Every structure is written in C-alpha cells, then in structure tokens.
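Report on the structure given below.
Here the chain labels run A, B and C in written order, and each chain numbers its own residues starting at 1.
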Amino acid sequence: MADQQNTGGVTMPSKPPPWNDPVVRSIVFQIVALILLAWFFWTIFQNTLTNMETRGISTGFAFLNREAGFGILMSLIEYDESHTYGRTFVVGLLNTILVSVLGIIIATILGFVMGVARLSDNWIVARLASIYVETLRNIPLLLQLFFWYTAVLQALPGPRSSLKLSENIYLNNRGLNIPKPIFQDGFEFVWIALLVAIAGIFVLLRWATKRLDETGHTFPVFWTSVGLFIGLPLLVFLIMGLPLNFEVARATRFSLSGGANLIPEFIALLIGLSTYTAAFIAEIVRAGILAVSHGQTEAARSLGLRHGQTLQLIVIPQAMRVIIPPLTSQYLNLTKNSSLAAAIAYPDLVSVFAGTTLNQAGQALEIIGMVMAVYLSLSLGISFLMNLYNKKMALVER
Amino acid sequence: MTDSNWQPAPSLPPPAATVGWIGWVRANLISSFSNSVLTVVLGVAIIYYGWQILDWALFSADFAGVDQKDCESSGACWVFIRSRLDFFIYGFYPNAEIWRINVMFGLLAVLIIPHFFEGFKHKKLFGWLLITAFPVVSGILLLGGILGLEPVETDKWGGLALTLVLAFVGIVAALPLGILLALGRRSDMPIIRGICVCFIELWRGVPLISVLFMASVMLPLFLPEGVNFNKLLRALIGITMFQSAYMAEVVRGGLQAIPKGQYEAAAALGLGYWKSMRLIILPQALKLVIPGIVNTFIGLFKDTTLVLIIGLFEVLQTMNTSITDPAWSNVAVEGYVFAGAVFWVFCYAMSKYSQALERKLHTGHKR
Amino acid sequence: MSDASTTESNSNDLAIQMIDVNKWYGEFHVLKNIDLNVSRGERIVICGPSGSGKSTTIRCINRLEEHQRGQIIVDGTELTNDLKNIEIIRREVGMVFQHFNLFPHLTVLENLVLAPMRVRNIPRAEAEKTGMEYLERVKIPEQAQKFPGQLSGGQQQRVAIARSLCMNPRIMLFDEPTSALDPEMIKEVLDTMIELAETGMTMLCVTHEMGFAKTVADRVIFMDGGEIVEENEPNEFFDNPQHERTRLFLSQILAH
C-alpha cells in the first residue's frame, strides 16, 4: 500500500502529485502573493501618475532647491524666507531632535523619580505619585498639549507685565526669556577644560576600581567626579578673566527686548511630552524594581550589605535589564509624539515640512515619503541597537 | 525537656501600638524622621492647594445660567460646559435626528455594562455582537438613507459620537487584519513573512500624524479618476492600517504563548492550517491577549484626537472651537478639565477592566 | 534586661537567646512565647508542619522579620531597631535560603567575594583566594567563572552555602535548604551541611530531612501553631515523642 520507488537500491517515499506537494504549494502561493502585490503597487503607481498630471503636480526632488518664501518661528540654524525648501527640512528636523532629546532627558529623570516614589514607604508620597501616573496616562497627549499651550502659556501676562521668575528670567505669553550667553575670546579654554574634566572622570573611575580591588577601600567617586566636572571648568573660567557676558532683556516701551527667548510652543510641547512620557516611564521603572525578587534583597542584607549597597550592586543592575527595552520603546514614542507639534504650531519636522512646505510645493509623495523615512530609520535604528543590547545583557542560562 | 501537660497557648491580640490605624500611621507616615518631615510638608501642601482647587471647582463655581454673563464669580464657569454639552456629544448632527445617536449609545451601554458583572452568562455572545452586529447597526443608524432614516452626511458627525465611531471602527477593522498579519509574520513562507514584517514595522515606525497626512493627502492620488473617499473614510483607513500593525504584535504575543503541543495536537488530529488556527489556536490566543487588545483600544481611543489635525471634529476639536468662540472668554481651563475628565473616566475604567481580566486569565491559565 | 552593648561575660556560651518572643502579622499571632537558647557549637533542627512559624523564627534572628515582643540576643548583641546592631549581627550570622537567592548577574566567584569586599573591606585578591577555598570545600571549584543560571539546583545551593561561609560567620541559619531541590541533588547538599557541622559551626536548621537530623543534630525542636511544642535530643525525639501533635507529624513525615 505504501508508494515506494526504487532509486538505485535505496527505497524512497514517492513524491506526491504537484497540487498536493506542500513545497510546490508554498512556492506557488508566494509567487501569487508577489504578483498580487506587484499588481497592486503598479495600479497605485499608474493612478498616481495620472492624477498628478491632471492636477499639474510635478515629481522629483528638484523642488528642494526652490525658495521657500515663508518664515519659521524658531530655528537652530540660520534661516529666513530666502532659503530653500531643502533647508526647511533641516530646520524642522533639528527642531524635532531638540525637543525630543530634551524631552527624553526630562522624562527619564521625572519618570525614575515617580517610579521610585510609587514604591515609597511613605503613603502620601506613594499615593501622590500614583495619582500623577494614573491621571496623565489616561488623558490624550494632544489634550494635555492644548492645556499647557492654551490654558497655561497663553494665559500668561504680556511682555510688559511679565512674571519675574528670578533675576533676568521672565515668563510671559511670548515665551520664556532667559539671558543670552555671549561667548567671548578665551571661552574656548573653558570648553577644553570641560572635556579634560570628563576624561579625568573616566581615569578616576578606573583608578578607584583598581584601588577597591587591591585594598578593599572604596573611594567617593561620585562626589569627586561632580567636583571635577564643575570645578575644573570653573577654575579655568576664573583664570581667563570671566570671558562670558550675558545679554539680558530690558523693558522697552511696549515689550521686552534682548535676551534669548524660548517660544511658548516649544515650552508647551516640552512640558507636555515630558510629563506624559514620564508617567509611562514611572510604570516601567516600578515594574522593573518589583521584578527583582525579594529574595535577592534578603540575601544581600543577610550578607551584611547595607541598604544603599544592596540597591546599587544587586537590585538596580537586575532591574535595568527589565527596564531598558520598554524604556527605549517609550523614547521612540516620545520622538514620534513630538510630531503633535503640528497642532500647536511648533515648527517641528512634520509641521514645517509636511505642513507648510507641502501646502506650497504640493509634492505630497516626496515630502511625506521623506518624513516617514526619517522616522522609520530612527525607529529601526533604535530597535536594532536595542536588540544588540538585549543579546549582550541577557542573563546567561543553561 | 518537655512537659506532657503542655497545652497550646491562646492567640493574643497584637500590641496596640502596632495595629489598627495607629499602627498604620506609624508604619506608613512617620516610620522615620525624614518620613515624618515629608508627611508634614506634603500634608500641609495638599490641604492648602486642595482647598483652593475644590473652591475653584465647586464652592465658587457657577453652575446655573445660559451664557458668559452668568459667570461672574472667580470660580469655574461650568455654565460653559452645560450650554455646549450637546455640541460636545453630538457635533453638528441635526437636532431632529439626535435620537439615533442616543440609540447607539444605549446599545453600546447594553452590550458593555454586563461585562463588569461577574456572573453574567452571555459575555461571549455580547462580545461577538459588540464587534460584529453593533458596528453595522450603528453605521446604519448614523448614516441613514435606508429604512426610512434621513441621510446624514459624515461631515456633520462630530463630538463624542465621532470619537466613538473612530475608535470602534478602528479596532473592529484592525482586529482581523492584525490577526492575518500576525499569522503571516509567523509563517514558514519567507515571502509572506517578509511582506508582513515590512508592513508591521512600517506602520509601527512612523507617527500617526504622518499616517493621517498620508491618508488625507496621498490617498486621493492613489485612487483612479473619479473615485473619492470622504474625509472620515480616509481617516478611518489610515487609523486602521496603523492600528493593525500594533494589533498584529499583540496577537503575535498570544500566538507565541500557546504551547507548541497545541499546534502539534491539532496537526496530529488531521486539522489543516486554517482549520487548526480557527478552531484551536486562535480562540486560545485571542482569549490570552484580550487585556492587550483592550490596552490597544485605550491607546486608539486617545489617538482619535489626532484627527482634528486633518479637520475632523472629534470631541477635543469641538472643545477647542467652543473655547475660542467669541461668545465665551477665559473658559479654556474649564473646557480642558472637563474634556480631560471625560477621557479619563473612559480610559481608567477600561484599564481597570483590562487589569482585572489579566489577573483572572493569569490564574486561569495553567501550564 | 541586658542592654545593647554587652561584654562576653554574660552569655559567653550562648550564641542565640530568644526570650519570650512574640510576633504578629497584622492581627494574626504568628509566634507565641518562643523561648530558645542555642549554645555555641550546637546544632539544632527545627521541624513542624507548614505554617507553624519555624521559618519565621529563624528569620527573626537576622532581622529579616521583626518581632513585636520579647528579646532576641545574638552573640551578646541585642536585636532591636538599631541599624548598627542589626548590621553587626548580620555579619556574624549567615543564612542559606530555600530558593538559593544567588545573584544571577554575577559569576559564582563574584557572588562569593562581593560581601567580603564591600562589607569587610577585604582586598579582591584575598577575597578570591578565600572564595576558591570554600568552592573547593563544597567541591565545585571548576564552576567559579560560570553564572548561577548555568548551574544545577544542587550546585547553586552549595555555592550559596559557600557564599555565606566566605563572611566567616559564627552562626549559620538554614531555611529549608533542600526543599526546592530535585531528589537526586538533596544528598550533595546535605553532605556539605554535615561536613560543616563537623567543623563545629553553630547551626540552626529548618528542614524536613529527618535523616540529617538524626546524624547531626544535638537537639530537635518541633513547632506547631506558632509555638515550640517539644524539644529533645534526636533519638529520644524520634523514638519517644511526648505529644499527640508530635506523634501525628512524625507519622506523616516518616511514612515513606
């Protein structure tokens, strides 16, 4: 009953007819899928070409060299209307990066504080942190942005009656006015001193570890590093004769002039993004710390390790393994969420390039394609790094 | 050594200073010096600011009235909310037809509320109705045009009704697509797997805004001459594509959690790929990831606010236009607090439900 | 009674003194009037049904649990909320846990040298030398560079014992050290514990391994319902249980 063939003395099971052969079926299926996909894209491609011709939209990236003709509220590099569309892309990108990086830093600090606070012995502290997390997580980010922008920042007084936060720092509805640093000759040495201090900290770390191994004595590395980081540049600064001036705002007839101004759109976006993401980070940190089994703490304390040592050597290293993957996910979310800037007119990449430039140049395909490519490469890049990190840090098991 | 007359000792109550509310206070509020200082400082701050907030929101607030003139006090102007409430909920829907939206809300409540009760027998049936019959019935109700109902164009839809439509259709459409993508990503066929991975990573890697822009601006270009989708449909397509990628990852997690033995048993019984998926694997996998699906829904519910950027009047936008309406001034805080509270109630309830489900499923799922 | 910093004269031979120790979890009275004295070099086995409070008792000794009434004096130092006393005591008392609790992110050797280096400030070279000596004593020196996840349960527990010993404790507490092990690995751990006992270490062991109790223990204590029901030297204890409860428990334990 078995279908057997003889192939040179060895009996092999016979091949089924092609329509039943799973290998053949799988290949056919995939080819059909590819053909369908190709046809789908081809149809879209054709339609697009026709439609663009009808509407007189050109293709290609030549538009990037055309003059933009519009101003941008905030730019980290030189920009005015006479610059190109290509430059608007760069300006928008830099603004996105600025608010994302700052947002990530603030959100991380705030998130870690809130996460640890939720685990506090003190009931009030724990409850307040919980309220923070549960409130901000369940309200849409866009609503929070509008709240900060409209209800808070626009409700501030005009420049003439600014709130004075401290000497030379003013808050009004045009933004936050801080003294603008003007670097003078000789300040380069301060930057160099800073770099030297950072290098010095690394050397210090190595030396202290070696000393711990050899003599068993610990060294207050943290405070020494802080001292070095601040002290050395400060020393050079004084030696060079204080080569730093500040331009501060002065009241004119109608407003304030001078100083560096951070526009309210930026502040609202930064506050909204940071506080929102911090709520999620808090939960991640809390889960990470709770994930370290209590037995670890018990074993460490039984061995005589003090509370701080237990945290530093046993709990936090293990917690970080659990924390870091979802943490990077949140960083990515924050970066993507920065695109909500379009709703409150902060000139980020989407708002400037996929907004104003798109409206004027009309080349939707190229523009949106470029924007999506930027975010996509960012996501994929960070995912890739994260996978590498995960592989490296995985607990070695059988 | 041992006393043969030994009797078990009685259980005594604990020392008074360690239990009851005294014990609780000692342990949680004043267990150390720094703790005590913290308690005092925070306690004072809470009482002080809490009182001010309560005063603004309740004691000095204006509840009664019709327009801005009735908001004279320094407290919250809830009159604003009351007078604009219809707009927040129904958008631009014609007044005469609002009963249809109310019927939809009613149906939703009937289908959802029983899930919160432990002993309810027909959860599964109601769940199915929720994702199959309910969207169809709601669509008919809202669109009209048949069964003697007045047609109402989609650009008149707005407010909370629109938010719910967006969120619901988004999830209902994204679920089957997500399941297919998850299955595809786990497929042995490299081309299929490749297509699915690309699709998923593409939509997960870009912000929703860019997807909405794409749907809004590029979709008309992709379609043949003459075919045009209205704004709502474009937004829905964008949202569905976007959500299906996230849904795919959630379902994939469920598929991975099913022990290999299940796949093997189904195969051993002679069930082909699709049959074993439909009858054995997917029912288990989906049940496992219901909390994940609810979480995705919560995210989508919050994300529906983004459609205001392409000109749809969901609930946040109705709030925005009301706030900037010249008939009202200085009501931004009240408006956003109210809108925030509405969202918070929905999302918090859903997240609590999802957590409760997760606990129940975890204990129920014995390996 | 005795104040915090005593000299040796008072309780020179007593490693552990527990006087009228009572503990509550909320309303639940979990330890009732525990009176227990352990002399230096003595080996004690505590047994009893689950929930009887035996683990809780020994966990009170190194302050992993707090007692609400009574006194505990370890090696002449009284156990109170005073952090300084607690740390002194924890240095002299070693503990081996049911679930090993090795630090998974450190190698075996790093597990052993961590506390000596950080608590007793011993230089790394010396700590590693001591660590390797103890690893050899527990018969797994070749595992020094491996991670705990790569070891079997029995090996992990032996590393855990070595880790505690590296701190040179004067008292060793064992909380059901073999309960989480597969049967074939129980022997290797018990052998290690027997060897340790032969060096004269003061040991307090919560366990169900009655063979071990017969071989090594100077005293067996039976606890039930949060109090000490019976204590005796092993032969008397097993052959001649005085109470109903003890007899019932023994019949369940020794059934196989």
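One rule holds in what follows: a contact is a pair of C-beta atoms (placed from the backbone, for glycine too) under 8 Å apart; a residue touches a chain by one contact, two chains touch by 3 or more.
Source: prediction; values computed, not measured.
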(request) Considering only which chains touch which, label the overall pattern as line, ring, star, complete or other. (result) complete
(request) Using the touch rule from the top, point out the two chains with the most contacting C-beta pairs. (result) A-B
(request) Please report how many Å separate the Cα centroid of chain A from that of chain B, as a whole number. (result) 25
(request) Indicate the whole-number Å distance between the mean C-alpha point of chain B and the mean C-alpha point of chain C. (result) 51
(message) How many angstrom lie between the centres of chain A and chain C, each centre taken as the mean Cα position?
(response) 49
(message) For a test of understanding, state which residues of chain B touch chain A in their complex under the given definition.
(response) 27-29, 31-32, 35, 38-39, 42-43, 46, 188-192, 195, 201-202, 204-210, 213-214, 217-218, 220-225, 298, 302-303, 305-306, 308-309, 316, 320, 323, 332-333, 336, 339-340, 343-344, 347-348, 351
(request) Enumerate the contact residues on chain B facing chain C in the complex. (result) 1-2, 4, 6, 8-9, 11-15, 18-19
(message) For the complex, give me every residue of chain A touching chain B.
(response) 26, 29-30, 33-34, 37, 44, 47-48, 50-52, 54, 121-125, 128, 134-135, 137-144, 146-147, 150-151, 154-155, 336-337, 339-340, 342-343, 350, 354, 358, 364-365, 368, 371-372, 375-376, 378-380
(request) Under the touch definition given earlier, write down the residues of chain A that touch chain C in their complex. (result) 212-218, 293, 295-296, 298-306, 309, 313-314, 317-318, 321, 395-398
(request) Spell out the part of chain C that touches chain B in their complex, as residue ranges. (result) 22, 24, 26-29, 32-33, 68-69, 224-227, 229-232, 236, 242-243
